[in-house]
Structure formats: C-alpha cells, structure tokens
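Take a look at the following structure, please.
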C-alpha cells in the first residue's frame, strides 16, 4: 500500500482494497497463523470520545495478532484536560506506539494528527466526517457473503441524510461495476445531492423509495441504519422519524433467499429480534468481519511504517475554513490548505466548501 | 467439565470442583508451567457495574496464562448507552473473545447472556443473585489451608441475611460430609429460612450465636463478612448493625491455634489491622487463591468452548417473573421459563418464586 | 541495585543511576533484544489520580518488555470507594503483580505502601512530594543528548517555587561535578531556601535571573516548566505569572548551537510551536527517553524482587506529622516515624518538619 495513513477510504486504490480483503479472508480462514504476526508491536487507541464497539474491535484485532495496546477512552482524564494540543499528544504517543488509532469529535483531526506523527494514523472516526474502517468492514463482509462487489442491487434504508457510513459505502461501491442503489427513506432524511452527483458521475443506477416493503424483493443487499437521535435538532423530529422503517420477519418473507442484511450496529428498533435467527441476517457476522478487516489493516499499515516524522509543511493559506467543527479552527497551529473541486475551494482537512 | 458456562456453582459437580481445586494447586505450585497456557486466547471482561477487585483478579488470571484481555468497566461509556440490548452486545463480543466474564446488576443476566453467546460465560456477579467464583475462591482456600473440605466447624459472622457469598458458601459446603455451621449475627441479620432448609436436607448440623467472643473457641474456620451499607433501607439501620462484630487480637487469643480466618474483602472495620500479622489471618492469601482458582477455571472453560451459538430456545412461558430486578423484565426478548421446586414455580433466570 | 523500591531518587546511588542510564541506552539502541525480557511478569499501575501521560509511559515500557499490565486509573470506580485502606489494596495487588507503580495524591503514600507490599513499589508521584521517574527521565535525556552529566550550565525557567520536578532535578544534578544553575523566574516564584542550601553544601554555583532573553546565551541546557494553575491560591495570581517567560524562535537565535531544550510536558504556552522544529528542541525526545528509562527501571526492580512481605515495623512514634496531606494523617494504622535533620525532626514519609 502506498498511503502512510488511513484517513479517508479514498486514500486506498481498488488494488489496496482488494489486498486488504484478501488478507482479511486469509486471517479468517487461518487465524492461528497470525497469532504472533505483530509480536513486539504497540498500537495506541486514542479515543477522544467513547466508542466501546470500535475500540474493542481494534483492540481485539491487535491482540489477536500478538501485539499490545495502550491508550485512553476517557479524555476528561487525559492530559488534554491540562490544555495539551493534539500535536503534542501525537508527537509523544507516536514515540511510544508503532501505530495510532484515533477517534475524535473534531472534523479533520485525523489528517491533522498525521502531519505530526512518526507512526501511521488510522482514522476511527473524526466527528461526522469520515469513518473509513466501517466501510472497509462492509466491503469485507459483502465480498465474502455475496462473493463479489459488482453487479449488486443494494438497498439502503433509514437515515440517508446524516448517515456517514452510508455515504462512505456508496462512494466506495460506486467504483465497482454494475451496482445499483435503492435509497429507502422519508423525504426529510433523503440522500444529499453531492452523493447523487457521485453516483451520476460513476454511471451507477439509483432510485428512491419510501417503502421498505415495496422495495425489499428486488434487493441483493439490505443495509439498515439507525436513526441517531443526536443528529436531530429536536426530540420531536427524532420521534417523528424513528420507527418508520422496521425490518421484521414479515418483510423478510418478501425478500430473496440470498438477501444479505447488514447493519453497522448498535441497532435500536430498526430490526426486530425475530429476524436475528434468519440465516440472511448477517449483521453480527459483519461485526466479526470488522475484526478481520482491522487485523488485515493493522498488518498492512505496520508494513508501511517509516518511524520518522513527516517533513514539516511548507504550505499555509491565509484563508480560514468556515466549518466551526474543523480542526483548523480548534488547533490554531495547523496550517490551512484548500483544494480545488470544480472551481470551488474545499478544506483539505474537513472537506467543507470555503464558500457555500 | 460438562457445563458450557459457569452461571451458578450448582452447575458444577463435586468432581468438577475437585478438578478445579486440584488444577489451582498445580498452578500455584508451578506457575511458570502455565505462563503460555492460554497463548493466543482472548477473554472479555464486561463489567456493567464497577468491581475493580473482581475484574483485576480475572484479568491477572488470564494474563498470567499468557492470554489477552479486552472489555469495559464503565458501561456509561459503552454502546449500551446507545440503548443496545444485552443480546446484541453478547453476540458481537462472543465473536471477538474466546471467553466472556460478565458482571451485571441485573439478576439472571448471566444466564440470559449464555443463551446468545458463542463463547462460554462466567458469571462474575449478577446483582444480589449469584457470584460463583467467590465461592470457588473460598473452596480453594479452605482446601489448601485446612487440607480438607469435610468435618469442619465453620463460623460465619456478620450479615447472614443479605450476604450472597455466605449463602453460596453454605450451600456448597453442605454437600461435603460432616461440616457444622455456627451463624453469628444479630437477630435482624440472621440467615434466611431457605438456607436453613438446605442445611437440614443435607443433614448438616448448625447453631446460632449472637456472640463472636463466646463462639470463636470452637471454630476451625471463621468467615467474617462486611456489613454492606447498600443493603440497608436507611443509614440508621446500617449504623446500628455495623461495628457489633469486630474481630480483634483479644478475641483471636480465644481461638484455636489452627483457626483459619477468611473475609471476601474489601473489609471496613470488621477485622482490626492488628489481626493482619497473625498467621491464622488468611484473607489476603484468600485473594491470591482467588487468582489461582480463576486461572484453573479459565483453562477449564476454554477447553469446553465450542465456538458455536447455542440452539435457539424453543420454550417460552406466558407467565412473567415478579422480580423487578430479573433480566426477563429488563430485556424484553428473553424467553420466560420456570422450574418446579416443591410444587412451586421458580424463575429459571433469577430463582425467584413466581408466587410468594 | 540495593533498594527494594523506588520511592525517592535519593534511594539510588550514583552507581545505581549510572547503571540505569547505561541500560536505558542499550534498550534504545537494541530494542528488539528486550522484546521478551519481562515475559510472564505482571505490573500493576495503581493511579489514584489520573495522569494519562505517566501511566501510558509506564504501560508502554512494560509492554515493550513483553510483560503484562493490570491496574486502574479511576479510583472512584475502585474498591477504595468502598472504604478500603491503602494497606489492604497493596497487600492484595502485591499478590497479583510482580511490580507496583503507584500515583497517589497523598504525600508519603508510596513509602507507606512499600511497608505492606510483597512486590517492589515505584513511586509515580505522591502528591506534591516526589516524582522520581521524571528526574530519571531527565538524567537519561541529558546523558545521551549532552554526553555527560557534569560541567553543564543549566538554566531552569518558570515556576521554581512549586516545581517538584525542578527541585528533584537540581538535587540530583548537584551530586555531579561542575554543574552551574541559572534560575530564571519572577521573585514570587523563586527557588525555596532549602534547595539553595543543598546547592551551597554541594559546592555548585548558581545565579538568579529575571530574564530568559538575557540568560539564554550562556546555557548548555534550558529546562522550561509549566506554570501550574492548581498551585496558585487565586486565578489572578496565576494569570499574572503565566506568559512572562515564553521561549520562541527569536530567543532561540540568541542560544548556543548545542543548547538542549527540555520540558516535562504537557506544555501550555511556555514554548511556541515554532520552536518545535528547531533541532535543539528535545522535549518530545525526552518523553521517549522516559520510556527507555522506565524500561530500564522495570528490569532492574524486577531483579531485586523478593516476593515476600517486609518485616513488620517495630517502630512507632507517639508524635504526629503536622502535614494534613501526609499519609500518616489519612491512613490511621501507619506507624509514625521521624528522622533527624540538623537537630530537627522530619517526617520519614512526607519529609515535612515536625515543628516549623
């Protein structure tokens, strides 16, 4: 793999992805071969906001490879409470650990961290921005459960508007041939235009639906999502949306016999417990594939580790990103930079447009 | 061992117990032989309420066997805060870990967890219900400190009414021949009738005492307990009871030269610090035996691991357990079931009577 | 090494220090040789107050040696919340772990812990009293970055009054020949008289300065410190002092080409980010040397481990230490003791004068 870090899944070529998927499968089939693959290596998990599931998945992955784990999950305890900058924490921890996995509510923070780290950075979620290893998990699961990443009819159901994992999955799957997307949601929670544009540019077919019941029969894959309360401006708006789309045993009867049902977990009420025993329900297996995907990623990233600091940035831009949740607005020393996208300036860290 | 999980110590036969005790002794005498006994294995410690002592004992046990540990001790951080069910957490974690140790304030939760787990479950305390590894610790300690589990005169002192560990210890020791129990407490904190019934059925002698001083001379074993504030309805009732029974150097002068003093720890004021240097005080050694007992248990449970899900439950009962702290009342999908005990229905999860 | 524990760096002879420094260098140059040096060993990190940096440094050190780590960083969760004494915790944990690293806000607590421990105790900070491994880190850093611990002109800048790390560093470096100290601070935050007395007794030259700019040119080493808000009686006094001494690129231009800039981290604003890329800035390397220093210390302490309890203390003094933060005033069973210093009684635990 060329990339030093995994900040955005777009950093990986299709060949990189194929390599990770292949390696994840090898690990799954022969776990004992990998018991000491990372013997003597240390991974730091820096979780500036708690996410037990993601942290546990990464920790298990490293431990199953014979490596060791340090880190924190409670930043109120951490040195950061004494006002330490992200840069200083990363400089110090990258002297301790061979690999850093970071989750941080600040958008663009993983990329910012990579500027100051001697060790590879894996982005385990930077606010509402990116969460590439969830998508990697989804790809590994689909590869092994469907046998292919091409020619699939993929239903996505629930919150299309705020669903970071759904956006990332669509962007990635749009690079594979012949996939078709059915977006099942209320009008209020429909897919943002920029995702539709990506689909159009890639030549993927897509359609909208407001009924899971009506659409389920045509699907090869159904990706259910949680309606996340924290994404809604009011409890009323949340209550109005949740519970509209619920997958149950009755709807499953309408589906293909080889449908694969996925869900990034944790679920609340979107899938009834009765569906769990259906062999087409693969969301618990998906979590296990996530562990294999992360094992493959850890091995790959450690191979690319140089152990040296990146060259200091010679670039800086006088303009400032307008996104208040962008790392360039919370860590003052970070050099600003924008890239061009169709004639408009976009922040290199958080991918926000400079001018709306 | 036949049992897949350790939910209740009653799941173990006397032969199972003898095997664990023997193995614990081997580990204690030759720890270095076991340094890599669980190499490549992962244990999850899921602590839904904090218990540093128990968690540290389990973690140390697994680490001393060369295994690895994942888990949480702060469920407010965990995915459960996003409303995840026990079933989902267990399904996912049993895909990560080869063995799950769970502590949970909900009664019957360990048994419920075992219905959904690919890996063995060890109950590290399910509310006020069961805490089998404490009793296992006590048995290992007595075996090695007294050389036998039979023919002992065992004093139990303090809170007989609420003391989960005391109830469990009596139930187990009543299966061994010739043991006699002296229950030393105030009338308010005396042993519940169902325990006395067990003793009668097993043919064990027992007596009551309200004076530690008067009873200590006849004892082979003295099991002291903490008066736990959280078990009392008011601070006044707690204050009235605590401090009535205190073991000090003066009382130790009345005791046999081969008395063994135990305490599940942490202690508050029930045993004065002056007793600590008495060679008959074995409560710190007891904690160390607990580590060896857990090492033996971990090895044994991992041997019985199948790595597959249990068959789905085909049973369900329309009746509901009346215990509000029972897992069947907090996790709605759990199938209800009752067993018969002398003509009365008892909840399979929390052992409460259906009708009082 | 003679000493069983590391409570105070004064417990170590110059030969002990030289040995640790030499071993730290060996580990740094050949880390892979030490990958399994502590295989099968357990270290407990008991952090009664959070210090992510120090804890992570110790944990990484042990893990890089192939050992395992248990412990807590959140004592509100721990058994101590049930009123457990320090003695009981240490007795139990020293039955689990081969080595104990403790941080505790109570002064003298590390020494008190050592009275009840079967395993060596490393003091990772006992309130404002001692923090020997920070000084060990500084010594290892200077040894390798300057090539010597003698004949250096050492500037210390910031809070000389409350700076525990600065006091300890001066005391230790005063034992090496030909060192000269320049104390750069406001009059309010100047070095306490007892430190000056130590310098006079050891024959070390020293001078005062109120200007970093004026003094920087003569320095071989510049040790910057954080002005710690928690040490000031009011926010006003803190605000008045902070920001007076800031090391920036401009001042660095006045310094020698082989100056070494150190800082115990975390920094706030005492050193501008622009200085970080200057090759003379060694504070991030210092954190890494700290890891090697702790690896060397762990190996050394484990070699001296006896695994038995210290003999019970036969001494006790009817007099009581007047320091309310002293462990003899928070743990009632600890035997009192005082040593003589120039005809005055000093508490053996917290080094406070009995009579001011």
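For clarity, chains are labelled A, B and C in written order, and residue numbers in each chain start from 1.
Throughout what follows, contacts are C-beta pairs under 8 Å (C-beta built on N, C-alpha and C of every residue); 3 or more make two chains touch, one makes a residue touch a chain.
Just so it is clear, the structure is predicted and the values come from calculations on it, not from any experiment.
Taken as a contact graph, the chains are fully connected, with every chain touching every other chain.
Rotation angle for the C-alpha superposition of chain A on chain B: 120 degrees, rounded in steps of 5.
Judged by shared residue numbers over all numbers used at their interface, chain A and chain C contact each other through mostly different positions, with under half in common. Distance between chain centres (mean CA atoms), chain A to chain C: 41 Å.
In chain A, the residues that reach two or more other chains under the touch definition are 74.
Residues of chain C touching chain A in their complex: 32, 35, 50-53, 56-57, 59-60, 63-64, 66, 73-74, 265-268, 273, 276-277, 284-285, 287-288, 291. Within the complex formed with chain A, the residues of chain B that make contact are 39-40, 42, 44, 68, 70-72, 74, 77-79, 82-85, 87-88, 91-93, 95-97, 312, 333.
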